[in-house]
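Order of writing sets the chain letters: A, B, C, D and E. Residues in each chain are counted from 1.
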Amino acid sequence: MKVGQVVGTVVSTFNIPLLEEHRLLLCDIHDIDGEPEGYTICIDVVDAGMGEAVLILDEGNSARQILGIDTGAIRAVIVGVVDELAIDGELKVV
Amino acid sequence: MKVGQVVGTVVSTFNIPLLEEHRLLLCDIHDIDGEPEGYTICIDVVDAGMGEAVLILDEGNSARQILGIDTGAIRAVIVGVVDELAIDGELKVV
Amino acid sequence: MKVGQVVGTVVSTFNIPLLEEHRLLLCDIHDIDGEPEGYTICIDVVDAGMGEAVLILDEGNSARQILGIDTGAIRAVIVGVVDELAIDGELKVV
Amino acid sequence: MKVGQVVGTVVSTFNIPLLEEHRLLLCDIHDIDGEPEGYTICIDVVDAGMGEAVLILDEGNSARQILGIDTGAIRAVIVGVVDELAIDGELKVV
Amino acid sequence: MKVGQVVGTVVSTFNIPLLEEHRLLLCDIHDIDGEPEGYTICIDVVDAGMGEAVLILDEGNSARQILGIDTGAIRAVIVGVVDELAIDGELKVV
């Protein structure tokens, strides 16, 4: 898992039901210093807000299991909002 | 998922039936600023047009599930045409 | 597997039971010279301490098998504490 | 899938039957401009010739399905010879 | 698969039986010119010696199949010792 931040939203025309039922959020993926090193478009299952620090899990099988489905076109999911992140004893996110 | 853009087509001689039944499109993969950071060759299931902004899902199991097949030689799929992409409240694609 | 070092902790609000039962550690991933080249957030199953050199396995299916579960939202796991690491006959970690 | 080019051959002593039955080819992986950006060692199922432009699929489950096997130690496969590749309307490979 | 070279050994305390039964080798992963571009820690099934050129397969499902197990915490495996590697007709490893 990586730490990221919700920075945008995506609206798309699908013909895949699963993707129409969930909100798609564009998230920066952060490096260890909290700087963006890339992005991914995630399905959100924790109702993360714009700008919030989040935990991103980027593995298809995990994603399907979180949604309680056996099959489905999905890979990256926001699994949690970060309440506290401490590196070398120093708080980075509160 | 990543945002990308359809930039080319590929014609190839296969001896794999699945790959002969679908159109292969070459897509730029975009970074957060909309600049290409790589490419992938995708199967298209949404009839994306040349130059269109698309959502690309690069996971084999997802790809097989979108096509409704249990097995098949496939990894990246165009899953949607991007209608709207907003980053930090600013519209990037309309 | 890669060699890494435990450098931080993460506290997050989940609605995914599995992730609430395990300690999440933020680990630097080391290059061959022992310098950080990235990080990942791992589930810890060996009670690794802050600052310890660890072996990190980053594959969802392995992770689930270590935890003895068939399904679960998980990808990276600390699988061992490194006792000794020798490169070209020279000890790097003791 | 990525576009690549067959540039070499590998002979190795295995104790894994599957790998002994197939030719291993070393392929450059090309970027969008046709320049090498890395390589991979592939199993060849289309009898690609030295120097030919090929399509490379790098996913274990796909690879096993192409070979018609349920299990097997394999990841990257040459799935086709590229007959034509057009980017922005310009032919790159004929 | 990638070409690599055995450069080190790792001794670790696990509570995972599989990892205790196999030798762990630290291998440089080589680029097309034979220069290291990273490393991985592999399970060795071919009794590779220190300094030998090897073929590394980095996919969990393949690794489990090589070991003849259905489940297990494993991802990268040394699958062969390289006897001969020719690029553009020039021998690189003998």
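Please note the rule applied: a contact is a pair of C-beta atoms (placed from the backbone, for glycine too) under 8 Å apart; a residue touches a chain by one contact, two chains touch by 3 or more.
No experiment lies behind these values; they were computed from the predicted model shown.
Chains that touch both subunit C and subunit E: there are none.
Rounded to a multiple of 5, the Cα-based rotation taking subunit B onto subunit E is 145 degrees.
Note on chain placement: the centre of subunit B and the centre of subunit C lie 33 Å apart, centres being C-alpha means. Annotation: 20 Å between the Cα-based centres of subunit B and subunit D.
Multi-chain contact residues, meaning those touching two or more other chains, occur in subunit C at positions 61.
In the cyclic arrangement of chains, the order starting from subunit B and heading towards subunit D is B, D, E, C, A. Against subunit E, the residues of subunit D that register as touching in their complex are 7-16, 19, 24, 26, 28, 36, 38-41, 60-61, 71-76.
By the touch criterion stated above, subunit B contacts subunit A in their complex at residues 1-3, 31-32, 45-46, 55, 57-59, 61-63, 65-66, 77, 79-88, 92.
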